[in-house]
Amino acid sequence: MAQTILPFGPQHPVLPEPIHLKLTVEDEIVVDALPALGYVHRGLEKLCDIRDYNQMVQIVERVCGICSKIHAMCYCQGIEEMMGVEVPDRAKFLRVIWSELHRVHSHLLWLGLFADAFGFEALFYQFWKIREKVMDINEATTGNRVIVSVNQVGGVRRDLSAEQLRWIDAELKVVEAQVRALRATTLDDYTVKKRTKGIGVLSSAQAMELGAAGPTLRGSGVAQDMRQLKYAAFDRLDFQPISYPDGDSWSRCAVRYDETLQSIDLVRQAMARLPEGELSVKVKGKPEGEVVTRVEQPRGELLYYLKGNGTNNLDRCRIRTPTFANIPPLVVMLPGLELADVPVVVLSIDPCISCTER
Amino acid sequence: MMSILGFLLALVVGVFVAPILGGLITGLDRRITARIQSRLGPPILQPFYDVAKLLGKEKLLNNSWQAFCAYVYLVAAATSVVLFFMQSDLLLIFFVQAVGAVFLVIGAMSVPSPYSQIGAQRELIQVLTYEPLLVLVLAGIYVHTGTFKISGIYALEEPMLLKLPLLFLVLGYALTIKLRKSPFDISASAHAHQEIVRGVYTEFSGPYLAILEIAHFYEVILILGLVSLFWSTSFVGMLVLVALTYLAEILVDNVSSRMTWRWMVTSAWAVGLTLTLINLLSLTM
Amino acid sequence: MPIPTKQVTKETLVAEVLQLKNAGWRIVTATCVDLNENEFDLIYHFDKDLQMEHLRLTVPKGAPVPSISGVYLAAFLVENEIQDQFGLCFDGLALNFANHLYLDDEVATTPFCKFGVVRKTAAAE
Amino acid sequence: MRLGPMVPTVVKNLISKKSTRPYPFVVREPFPDQRGELYCDIEQCIFCGTCARKCPSQCITVDKEQGLWICDPFACVYCGTCEEVCPTHCLHHKGAWRPVAGERQMIEMKGTPPKKKKKDAAKDAAAE
Amino acid sequence: MHSTLMFILIVLPFLAAIACAVVPVKQVRSAVVVVTGALLVVASLLLIGKVPFETSFTSMAGLPLASMTQLADFLLLGFVLFLGWKHKHLGIKILAGAQLVILFALEAFMMDHHAASMAFVADPLSLTLVLIISIVGSIICIHAIPYMDNHEHHLHLTISRQPRFFAWLVVLLGTMNALVLTNDLLAFYFFFELTTLCSYMLIGHDGTEEATNNSVRALYLGSMGGLALLLGAVFFQNMLGSLEIQEIIKLAPSAGYAMLPMALLCVAAFVKSAQAPFQSWLLGAMVAPTPTSALLHSSTMVKAGVYLVLRMAPGFVDTTLSTYVALFGAFTFLATALLAVSQSNAKRILAYSTVSNLGLIIACAGINTPAATAAALFLIIFHAVSKALLFLCVGTIEQRIESRDIEDMHGLFVRMPVTASLAVIGVLTMILPPFGMLMGKWMAIESAAANVPVIMMLALGSAITLLYWARWAGLLMSHPLQGGVTPEVQPKLTKYPLVALCGGAVLLSLLSPWIYSALIVPMIDMVNLANPQAMFEAPYVTSKGMLGADSGVFPVAPLFLVLIVGMFLGLRVLKNAQGAREASIYLAGAQSRTAQTPDSFVGPVNQPVKVANANYYLTRLLPEGKVTCWVNTAAVLLALLLVVGGL
Amino acid sequence: MQAILDFIKSSRIKSPWLMHFDCGSCNGCDIETLACLTPVYDVERFGIVNVGNPKHADILIVSGTVNHRNKKVLANLYEQMPHPKVVVAIGACGLSGGVFREAPNVVGGIDKVIPVDAYVPGCPPKPEAIIDGVVLGLQKFAEKSLA
């Protein structure tokens, strides 16, 4: 049978980021998919040699623009654990508020891109239109739309006033209503279901074996979410992980859709229970020792391994991002699909290549 | 037999007025689509700006055969529109139009680029899907009017839509494919992002892409002309029908995702042939 | 203060990993740390119901390490990454990018090594 | 399974106000405390060099001898660290973003290095 | 004059065949083939002015013709029986035996042999066929001269087997001419069987196991057709008391019960035209050297089947049989077009396409209106020319690239610019207006428009046809902008036939309105003459190079005007395009800057990967084996319906 | 004839088709570029379309640091764009390498590989700033002759 071999990426209209897949297809059925990375590799973990541990906060924040806040939070938590710093309560709650807002904007972004992957332009625009409200909240409360730079070792850099809290609450109401209005289209539309249901199936056993993380794992029926670790203020919020059993693109989409609403709810909870107090504590000394810390990024479990040697510079800063874990499942899912499903399945793991390659 | 004046009129309208009208409709389409997506959208004249800009760009080709194919596509599209305005044979118009489709495919296939080639294969599948449906619609028109000539349709006393409602739906199905609208923007999408880049158009650039765009303007007119025939008895009726149909196309484009070609072939044939069968049988019985 | 880890050797690594896999642990990742002029620390991280287990393997530079991609296919990516960045070689990699996962030919060194630079060509062999 | 549940949304879009902001014809007021263009109030600057040391991007150079404060605006990441650490608060972010440029640029500001406070500044630097 | 022409058309080829077989000198053989071809062309052209006429011969060179034919008939059947025994094929033995018995019974007990003459009728229908056989056939034979040299060179034969090959090839020309001119059903039967034998001989020519097996299958299925034909003849003799074809057509409508033999004749025709479920022999025949495929299995011999149906069609106007024939033809058109989609072997594509187009012609015959008849004739003419061209192109290509797979023909234009261009033109004449094939299809669709099941199948089939042709034409032409194209050197005897066929396909299309007036209008008049009840009118009027009717219009000349003007401008566009900057192909930005080939990209592990392009064969949607199975079942049912309906 | 040429020239500024290439950016600039296309900013008002194919593009928007692997891709894409064309670099990384200038696998800004016509500073720049950048690029685009 005659085969077509084509390069999918690094530059490709459906891929927001450069990743390369060498695809072999027969009658548009993928028989082989081999990934190539390295188009975004910067080697930024190595920068810990020449930047001190405080400067690294800004650098790890730029590992990935979409989940920047959570990278910084994870890093700060690691350093704080290493140095035995107890962060003020208000800072913990504020961290939750901003990180969940980040999740909302990231999931809305993803829902739009996912719609674009199966050619539903109007839905893409709709989600991105809604997302702009969240971006406005980011901008108004942190000073930047995307890379918010609110974390620092020992706490947070900015505060939310009561007026801002009310405004956020009002804005989120609108966002929530608009997202809810799209539920039927996202999860129940005939054409959408046709393009996502049963496409790129990953069983829960496969997901565990291949080390999947985040919504990819939860879409395969494994209800595991790092927020269950109760870091930051999650110990004082009601939270249950969301999972769907089918393991297909539709399930992963459903997980993210529900998480969007859940995150809005978490922001509300955190705002309601926001205690008064300091924003940060003064950090003294130099990091020494080893620490492994994990948080839940919009894309899943994020792990930082940090090793300090008693100087201002860290010995090793190792970042394991969720997409890195989700690439092997992706490679396994692709064969047997139609070419048209490739973007859908690639998007369904919510790839963040700059995270993956750092 | 046509008078010389009528012939010249058809020629002028077909060759010069049609693409301008087609461009305006495309511009309007983009504007309405933008509004549906809660955007402002480009100016109505945008398609002309696009074409003019493309014409002024550098000539960049993989081989000269591409240029030839683009050109044949344009000529075929223009010829079919002229034939339409001359009220010629519908089946023939349709076959002349197919020349363009075939040359577009050949032009895309003449480049060993996988995206262009996949686009060409998909384009062929699209032709495979809409061609039978269109032929059957024309056959239905013949059964109803006794002729394939457009003049025969204009001789009708009452609008064809009343007798051929299901075939009109089939026509809509086929034309969605031809207009490259979702869920059938499979071989090349107008501006949306797609897994095969821009399919058949991928390797055409600059002035040659402009030629294809102009040819598409002609095709839009041909398609809407076909639609207008279903309410041939009054000018207002024609306009209303065309406008409504086009709006429906835009609406469908915006409320559905792009489907795969396997789904397209099977669903279009299943639905299209069933509707045709019912309508044709009800006509002949 | 180091993280609690279980020390393994090159010989026991694969067996230990297999045992974890059979017990239902999910591989999270592996970390390579450049300890000094002669040694690397390889730390394998596993997860089960939010608990973590770490295996630590201390290896001399220059000697190949058995790959665990035969047990966990998912490990091929991180092992390739370590190969790229540290010049550490893995035996039996399921999918070997031969030092070209991230890096192009222009980068002739192993950029993540602090202590001395290992020539990639030497490391690859 | 439903056909066209998107229809109400798009129809609503069609008849309601479009959400497009008319930029650049109308420019939105920036939110307060936005981190726009970095600006140095050179008169206030004591050339202590803290900003240069703390900058994660290392885009600031301070020449205490000549009283030069140089910033590479193309490498600045607008994180606000320098603004925070500046002892005299001479650094601040404007609300508006830095205008686009057609060629490479450097911000080079010359001020008068405060003679008196020179020792203090040196002490500050040493303390770090 | 008639007799001279008839002698040249029918007997000369037999004599030439003997010469080919006997004379061992290659140059002489080539000369014989060329001269025979030329004479045939001249004779067939001279025949144009003579039709219609009837003539009969009692003797030839002093020998009684009729009894000679009888004798030859028995000898032929005996030989087939021998072949069945030789190949240990029970089916052939039974079929040949049965035919021997029936023929003997027919000759001995049912016929009175007072008219010991052989009657020939030349009407526009047979004239059309004669022209195709003589002109297209001769061109193919001439093309075969260099082809067979290459072929044998490639096979490393020490002793040339060309004498045998050319003998059978030339015999076929005479046989076919006789077949379409004879007015005697029994003589028709003889020539019909003779074509089967030719086919057997030529398919098995290379002597490989596959070739032998396929030739036996062709003989077996061909014998089935022969039996059906003979049975039909027996019934006609029994019912109408005549075996004269013109008589039968005249008498058949009045004798409503004569539909069963008509149905049997149709079945015989289906076998010869390889309609489903009998298509397997034609597919198998593709192992033969390409001139065989071109001559026997696309342009001429398989036309014997459709000729028979068309010839008999006036005899079953407006009957259920006619409806079934239309259905059957349309079904084959659709089904084999579907099968062609899944093929990548060029000759198999051509074979399925041949079957498909013959199905369309049969459908036209079944629709049985003047417009449909006109469509059928146009299709016969243009199919013969275009398909011969394509076969010869594939043959030429195959000898150069040593593959028949169209996937190996990507970018063939670079290596064989002339042949590839001719092949592309050949493909375009098959599917696009204003060329004749498309016009035939246009007429067919217009005349079938009111027949719901038939039009549905035609609509689907014609779209599928477009699919498998267009992709082939497309892949031939991929080539770089500047340079790279190597000029192609062809032997004269290869090039001229190809160019002649290509020119013929285009020119005849341009002349189609005149062909219509000259051939098809008289043909319909003849039908009226044969069947006075029908009272057909010529369906189209021609004026200013346009074919027009109330139902539709096909402006041939104006479209050609557009084509010519367009071409002229198009060539300027081509020339203009030479000034363009040469672009590399879009490979998602990953194109390799170091690899030798421009269509390589940097893949995983930094290795250059060459892109591959392949057509879609829809094999998951339409697996050939499964589809064949379904098609055959449906076709058998339809054929049964046809015979039962004839009762 | 002159009128047509003028129309072509004036159309150029009204119909810039852009292609966006993420050259090792952190996604911040990419999502802001994408945000420009969405209803709130809707650059299609100016006739800007994100085409995703260098052969159709007039403006190449590049974000991110150049590394050894993607510099070849960047050069390839630039080469495949028909003249006239402009390049807009966005974000600190695209302009100079930004915060990653000293990372081991970083070559530097976009202008180390291809000529850049407009620089949009920011980390990431706001969508409005990107629109400004495109507008500046457009002015250069209109000035460029068909070379």
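We just call them A, B, C, D, E and F in the order they show up, numbering each chain from 1.
Convention: a contact is a pair of C-beta atoms (placed from the backbone, for glycine too) under 8 Å apart; a residue touches a chain by one contact, two chains touch by 3 or more.
Since this is a predicted model, take the numbers as computed values, not measurements.
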Common touching chains of chain E and chain C: A, F
Furthest chain, CA centroid comparison against chain F: E
Contact-richer chain pair (by C-beta pairs counted) among C-F and A-D: A-D
Farthest-lying chain, centroid of Cα atoms versus that of chain C: E
Gap in Å, rounded to a whole number, between the CA centres of chain E and chain B: 35
Centre distance in Å when chain A and chain C are each reduced to the mean of their C-alpha atoms: 25
Centre-to-centre distance between chain B and chain A (centres being mean Cα positions), rounded to whole Å: 43
Inter-centroid spacing, chain D versus chain C (mean Cα positions, whole Å): 41
Where chain F touches two or more other chains, by residue: 21, 38-40, 42, 45, 50-55, 69, 73, 77, 80, 82, 98-99, 102, 104-105, 123, 126
Shared-contact residues (touching 2 or more other chains) in chain B: 36-40, 58-60, 114-115, 117, 193, 197-198, 202-203, 205, 254-256, 262
Residue numbers of chain C (touch at least two other chains): 97, 100, 102-104, 111-112
Topology of the chain contact graph, where touching chains are joined (line, ring, star, complete, other): other
Chain pairs in mutual contact under the definition given at the outset: A-B, A-C, A-D, A-E, A-F, B-D, B-E, B-F, C-E, C-F, D-F, E-F
Chain C contact footprint on chain E (complex, rising order): 604-606
Of chain C, residues touching chain A in the complex: 1-3, 21, 24, 26-29, 31-34, 43, 45, 47, 49-50, 52, 54, 72-78, 85, 97, 100-104, 111-112, 114
Of chain F, residues touching chain B in the complex: 5, 7-9, 11-12, 14-15, 17, 38-39, 42, 44-47, 49-53, 55-56, 58, 80, 82-84, 146
Touch list for chain E against partner chain B, complex: 410-411, 413, 424, 428, 431-433, 438, 442, 445-446, 449-450, 452, 455-456, 458-460, 462-464, 466-467, 470-471, 473-475, 477-481, 550-555, 559, 562, 566, 569-570, 573-574, 576-588, 599, 611-613, 615-616, 621
Touching residues (chain side chain B, partner chain A) in the complex: 36-39, 114-115, 117-118, 182-183, 185-186, 189, 192-198, 254-263
